[in-house]
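Structures given as structure tokens follow.
Here come two complexes built around chain A, the first alongside chain B, the second alongside chain C.
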Partner chain A sequence: MELLLQTIINGILAAGIYALVASGLALAVGVVGIVNFAHGEFTMIGAFIAYLLFVSTGLDPFLSLGLAALVLFMVGAITYLGLIRPVLAAPELNQMLLTFGLSVALQNIALLVFGADTRVVSTSYQGATLALGGLSFGVPPLLAFALSVVILGALYGFLDRTRLGLAVRAVAQNRLAPGLLGIETQRVYLLAFGLSAALAGVAGVMLSVMLYASPTVGFAYTLKAFAIIVMAGLGNLRGVVPAAITLAMAEALVSTYVPGGGGWVEAVFFLVIFVTLTWRSWRAA
Partner chain B sequence: MRLSVSNLTTGYGKAQVLFGLTLEVATGELVALLGANGAGKTTALRTISGLLRPWGGQVWLDETSLQGLSAAQRARRGLGHVPEGRQLFPLMSVEENLRLGAAFLAWPYRQEGLERIYTLFPRLAERRKQVAGTLSGGEQQMLAIGRALMGRPRILMVDEPSLGLSPKLAEEVLSTLAQVKAEGVGVLLVEQNVALSLEVADRGYVVEHGKVVLSGSARELLSNPGVQKAYLAL
Partner chain C sequence: MKKVWMVLLAVLGLAGLALAQTTVRVGVLLPISTVAGKAALNGVQLGVDQVNAGGKVKIELVVVDDGNAPATAVPALTKLMTVDRVDIVIGGLASGVTFALSGPVKQYQPLFLCIGAASSVVEQAFSDYGRFFHYHPWDYHNVAAALEFFKYLYDQGARRVAILYEDGPFGSAGIQTYRQQLERQGYTVQAEPFKSGSGNFTAILTRFKGFRPDILYWIGYDVDALPIAAQTRQVGLEPKLIYGAPPAWPTGFEKNNLSNDVAGMTAWLPSVANNESRRFVNLYRRKFGEVTDEYMAPMGYVIALSLGKALEAAGSTDKDRIAAELAKVQMETPFGPLSFKPSDTGRTRFQGFNQNIWLQFQYLEGSRRPVFPASRAARPLRFPGNY
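Up next, the complex of A and B:
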């Protein structure tokens, strides 16, 4: 019983970062309409920003979150203006090749600059745990989870309660009408893509403590984020959080209860995509 | 305010659709744009509102040329467009759809607009929390018109508002447009239903192959033998 409870808690704690990365991807796919395979590379950049700040100034990663978010927003905005906007009207295959190429390019640039080593930000509380009953909570995952909840709350508050957020959701539902209503869709796209990158980057900062920074750290998150937004229904921003919890929980259960589970964890996202799409097509048929 | 369109030409790819369209609409009048399918009526509205780039010609609001302005900039200058197919935000509530129509206005106008639209369309007030995608066709059309009116346009272009509606509902929607006109807005109405639109219109233009071939008061057009033969099946 305690093992099950611990597993469920691990799953929930892991879901925070998943939800951050996936909400970002949902903005790129749902609002801007671009399948961004380089999304995880924004996470990677976030992780390296946290690492560099920690090494050079000793700044705690959880304190560099804001700065990393700002930098990644700019990176996202520049990526949008320079690469994404020119291909918005292009065939989808061209768009995907572009973002896939961007992913490969960013990974290799990171490889050239930092090498292939994994780099961990070693904070004083890295291994610290809180014990409650028979359960234990790692301090970094707990912090990361709490911050994810705050950030996601702010994101959804923005989308639900503000005029600009309303415009962002509107563009996701109809691309023609907002322009006729005096809303500059190009600016909404820019904002959404910047936010998308910032969310990925913030998750990267958390990963630098909980996992590590490395040139390829983001790739798995791209795939998992795709699994989550497919499960939520493409373009459905609201469904991202429950879908993220489902994926994280499934991974936690597999890693605890399946013999040799650690190795299978990385296949769970694929199974999720497979089952979701198959189930949908059965239901639609 | 006056919308003036002169010698507008445009097309899709290499296929030219408009061949020098010229027309005018002033505030306080309801002008019908008539013509067969494929004559270029919808293309004309799309070009005027900035969704489609013109190849040549000019669009003016009073003395201001709209050349090079985005659709959003044109909307902010007082040019409203209820596009073909309504183009609502299907997963949003009636009220959210309406609010988006006034997103660029200052707060008092946004609030006042809601009350104005709910008075004009009491049906929308009853369904303010309902999701737009679940409205009936007539209600969706009212919402599309109401949403455009939220931006306080001086000139409103409406594309096929009666499409898919019962004759009774079509009449209801068109009489609302007459009411909008009475409030001082200039309305440019594209309609398949020529008889019905000339009933509410002050003037009309007949478009064939991308240019105006006939214009006059609604009464003149109704009694024109060519119009009767081609559009009224008399």
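Up next, the complex of A and C:
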């Protein structure tokens, strides 16, 4: 029973960062209508910002969250204005090739600048644990989970309770009607893509503490984020958190209870995409 | 008139010396964007400086990046052979890349001085190639050295080993052999695969808690080092030793408190006390302004020096004459003595080092210290370690 409870805790804690990465991707897909393959590279930039600040000033990575979010918002805005906006009316395949190209370019720039090596930061709490009965809560994943809850809460609050947020949701639901009502869709797109990148950057900062900074750090999380937004329904922001919890829980259960499950974990998200899409097409038929 | 003759003689003498000096272009094919690849290149350049300073032979390097990927390495080798027209190539750091190079190498027939590539799959791939000089020990040498250490740990009271191995070719290729060998030594073994780079080990480590391992032995990559060290503590596993076997450790890991008491295996550390090692450290510091922990640096240095000796003895740029002289080279190196013999399996003809160069180290307060074997230890192993 203790093992099961610990597994559930492990799954829930992992879900926080999954949801953070996936929410950013869902914003790009749902509001702007762009499948952003470079989302993982935005995460990587966040991780390197935290790492560089730590190495140069000794700043705790969690204290660089705000700066990373701001820098990534600007990176996202510039990307939108320079690359995404010109192809908004282009066929989807062109858009995807563009973001895929951006992903490869950013990764290779990082390789040229930082090399392929894995870089780690050093904080006093990386190995810290909170014990509750026989259960243990790692402090970094707990912090990342709590921060993810706060940030996603703020995001949902913004989307639900502000005029601008409502405009974002309106554009996500219908691309033409909000324009007829006087909503500047281009500004909404700019905001949504900037926010999407900022969320990725924040997730990157957390990954720099829990894992490492490297040119490929965002890749695995982007794949999982794709599985989550597919499960949630493309563009469905509300569905991201439950989908993230489902995926993280499935991974934790497979890893704990399936013999040799550690090697199967990465296959879980493929299974999730496969089952979700198949089930949806059966239901629609 | 006498002065004119003297000047003329001096000029002719210098010209003669220049003509007598054997000059050879050597291709260097390394993943220079990685720490290990950069260190290897630095070592090669340092060795070449030494050789060229001797004045008898001159080596010119043509350096290309193998990108640590077969898709980059194969065209890079083709360029070295067809555009730069080198006859000698120093390279082959990663096993996967070197395996992919085996076909093109056999096609272009260079003298191939292999710096890394421990996998015996590579040994098999080059088994019918006579111009292949492999300096680095093979994977079965690595296993032998690690098992020697585990034998020592058994004598210290360790009985249970939990093995975390990445499920790619690097981690899973020898896992059954490892398991059998450890069980033969008297250990109880529990082994679990993981996906390298996933960063999530809590589930497996939680499961290991029931097994109460004395040693947590992980075979993976640098990306896994910190998550394993951190999550081992987070789940309260408390092994007596965390022993890692990645090809390279992450940058900055030594400065992280979580690295304290983590042990691993390397072929060389700057604190190794032999004359050649001290000489290498001094030269390296003078040229690059720092000291490296990467054993690929002295490995590159040794390759360049041994090539210089062979060139000098051959007095020719003919690759077969150079190969024949290289096969006879005997020299002291930062790793200990070097000479070439057939590999233990007999598959390749020119094998440089074996398991004797490996040493076990332990991270302590920001640096790696040799702890085993006793003859090369700078301090005793901390066992049990404090995790």
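Everything that follows uses one rule, which is that the second predicted complex is superposed on the first by the 285 of 285 C-alpha atoms of A that agree within 3 Å, B and C clash if a C-alpha of one lies under 4 Å from a C-alpha of the other, contacts with A are read in each partner's own complex, and residues count from 1 in each chain.
Note that in this section a residue touches a chain if its C-beta (ideal position, glycine included) is under 8 Å from a C-beta of that chain, and two chains touch if they have at least 3 such contacts.
All values derive from a computational prediction rather than experimental measurement.
Taken together in the superposed arrangement on chain A, chain B and chain C fit without clashing.
With both structures placed on the common chain, the touch criterion links A:185 to chain B but leaves chain C unconnected.
Once the two complexes are laid on top of each other via chain A, the angle at chain A between chain B and chain C, using C-alpha centres, comes to 150°, given in steps of 10. Taking chain A as the reference, the larger set of touched residues comes from C, when chain B and chain C are compared.
Nowhere in the superposition do the C-alpha atoms of chain B and chain C come closer than 37 Å.
If you check the complex, the residues on chain A that touch chain C are 3, 6-7, 10, 14, 55, 111-112, 115-122, 124, 126-129, 131, 136-141, 207, 210-212, 214, 216, 220, 251-252, 255-256, 260-263, 265-266.
Looking at the complex, you find that chain A touches chain B at residues 163, 166-167, 169-170, 173-174, 176-186.
Those residues of chain C lying in contact with chain A across their complex are 31, 33-35, 38, 68, 164, 167, 192-195, 197-204, 206-207, 210, 221-223, 225-227, 229-236, 248, 250-253, 255-258.
Listed in rising order, the residues of chain B touching chain A in the complex are 49-51, 70-72, 75-76, 80-81, 83, 87-92, 96, 99-101, 103-104, 147-148, 150-151.
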